[in-house]
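We just call them A, B, C and D in the order they show up, numbering each chain from 1.
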């Protein structure tokens, strides 16, 4: 089973709450997904009246842990402020960091994300940062006390799947914290692939929410994630391709 | 549910019997796969003593239909002869045609395969030919009375996945008989992808047989095929990318 | 230098005449390309008045050999008839076979193409058939007396590049006649790639004709083809990847 | 023509000096490449006797500008020190930053690279940093005064080509400084592709140095880079795919 900080997860499929046509449809889909960690954008929540907030009400299930995210903030300072608000209103110290200053491509900012991770970890938060698939940045976040890393598979909303796979493999090989593939996963086969290369979990939102039948698509992702994980475990021991690839890399090194 | 000729299948995962380390391990894996159609090479069966043949004994389950294949034949004449032997010994008129004269790359022969299909269909066989992902050949096989088409995803044993996907999409779009992706499917994510683009079934052998844990890998493929099919059905209606792509094709035509 | 039948070519970039906005622009581009073999659709030529035909007049250069093509025919019979017309009107026994019965995807028909090749070769034609990237069909065409094979890189007009590369490598490895990659080459980098894997030549039309600056794009393709060929020759001896790949293929064979 | 800082380059092919079997072979290849900017690792140069250093002697051509690089340093402090040494010994204020603390995969460190860039730019250096294909980091480097950005195509020495292309396109779209694709370019077709998507230049070393015929391979890269650039310019105006892609991205944004 997957462990992040002190929490154990049976499901390796994390989900989001955006773009569903209604909160009832969202709830159906999230239940069908079996997801135990669901991210919700703070900016979409009525934090003053969270008891009656439409989204939060539909997420009120004992097996679902909320993962507030900071989507919309532009730097570390705003992110830390948002995390504190979330902790107070939602009574959770888990926070998904999303800092993307650019409004067009929504690519994450490595510097501000690292800075916010350092500060929030010091403050006792369980930090899950959304980042580019940058292996060195992942190690830096580890040093800063991150609870997991969430590298992107491809640009948000592009549905292009695992375009960063060569780097994800390096990240997975090196990481001491769980690796959760975020962004770009457009179909169950993408999710299965992510698990097959050894990711600890995936986060899927758009592909479920915009499907013609969100609950059925969510169930499909559930099966695909399980299939990918089973395959990863069934082939452990023969996963030599990566190790083999790494020695040519170093042999080319001493330029 | 999937129908081929007059038979209905609950499972869209077809399997093979080669390369398992023992017949007992094979049986465990095939049962875990849920597969209802299992191909076996005639050349590996003791047809004179099929009641005691080691492989056949382990395939003797009510939900499993045998699909003898002609692997090893070099032309239509040999294929027809092999099919007749199989019908007599195994009491089935189902036959998987495999005609690959070249011993190095095992690529199927389009001409001999079409010829054998024509003849065997006339003789009352249910023919499932293994072929290159050639859209026009698939239509010709339909005209010849084939029960299904089995285009390859990539060269046999290459584990390269769906390298022919651009052509598989055309085949699926045009076919009036079931399309079963054969050869090259190396992981559950490949199988899920094949189902997501609308394949009716996949045939997987090597990836299961050579896994460290064949039964677990078979179960992983089972889930992945279900996931891919569910996703295909959940997104029906928004699958516009293919239709859109087809019009630029024709616009480039009148050279 | 490249030899096809008894003719030697300095340029490995073959071109076409379709989709140019004017014949003058076409002529400029073809001269910039350095191409010595230019295909022209018979259906677009005024064969009764070929001396004054607009297209043919602009192709009238000593270094350019005409390659009439049969685009539009639906079967071998029509193709043979078209080839005979072309021989009479254009005084060449070179013919590019294009037989694609389907008007939507324009995929070539392997059976009719083989039949027409057999017949035309017997009649003394220099036959260059446009085909799917089917390794066995290529060998059959060789046996039938083809002068070269022209496998497609991806569906015509798709600009998708070398989607069939795994099969092109097998074809190149096995072929005793020149291999010319046709269809799908959308950019100079695609053409360079085709040459790097050992293709003898490429045929490019759409990507040049629809460019904003056809003559400049033609010159770019000229350089790219030269670059790819030079690279292929410079690395001969270290091209082991293919040979290595071929042994796993056969090891998976004895199902 | 390409301009970096106050220098104009006729050639868009930059090269390196590593892995050649001899300095004479290196010199031949670099002359054949037409390259005007050649990087050399400081750690390989005898800086005390640079007048007689074997590598430097062979690079002594009026059209070649030296680009010392910091390969081997582990952080910003060491990089700044190395740059100062280089300025003194080689009399150039150009410096290629390479900071990769990890000895296995050699992935660049975004934080230390940015820090070194800020400091070196302040000190009057012309800084060209080797980095991951991270669009936000590129903008940060711009703000820090970098002269160009050098995002990687794929892991160093992997010869995998442009695996980061989705991100390179974003970087090119946004950049106000020249974008030079570094690392992973394994063949002329890769180099052509990089230029076709609008890169300002490429840096190639391994693929030339380890070729059977380095001078011929260098000439092939020269042509390919020219071909790619010409194609890029010939199709300007029809390059709509990127712009189209960017709007779905933003539409998915307000989660």
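General remarks:
We adopt the following convention: a residue touches a chain if its C-beta (ideal position, glycine included) is under 8 Å from a C-beta of that chain, and two chains touch if they have at least 3 such contacts.
Because the structure is predicted, anything quoted here is derived from the model rather than measured.
Rounded to a multiple of 5, the Cα-based rotation taking subunit A onto subunit D is 180 degrees.
Comparing the centres of all chains, each the average of its CA atoms, the largest separation from subunit C belongs to A. If you average the Cα atoms of subunit A and of subunit D, the two centres end up 32 Å apart.
Per-chain Cα centroids separate subunit B from subunit D by 48 Å. Subunit A and subunit B have CA centres that are 37 Å apart.
With touch defined as above, subunit C holds no residue shared between interfaces to two or more other chains. Here, these are the chain pairs in contact: A-B, A-D, B-C, C-D. Here subunit A touches subunit D in the complex through residues 16-19, 41, 44, 69, 71, 100-111, 114, 132, 134-137, 139-140, 154-158, 160, 163-164, 166-167, 170, 174, 205-206, 245-246, 248-255, going by the rule given at the top. Across the complex, subunit C is touched by residues 187-190, 192-193, 196, 210-214, 216-217, 219-224, 226-228, 230-231, 233-238 of subunit D.
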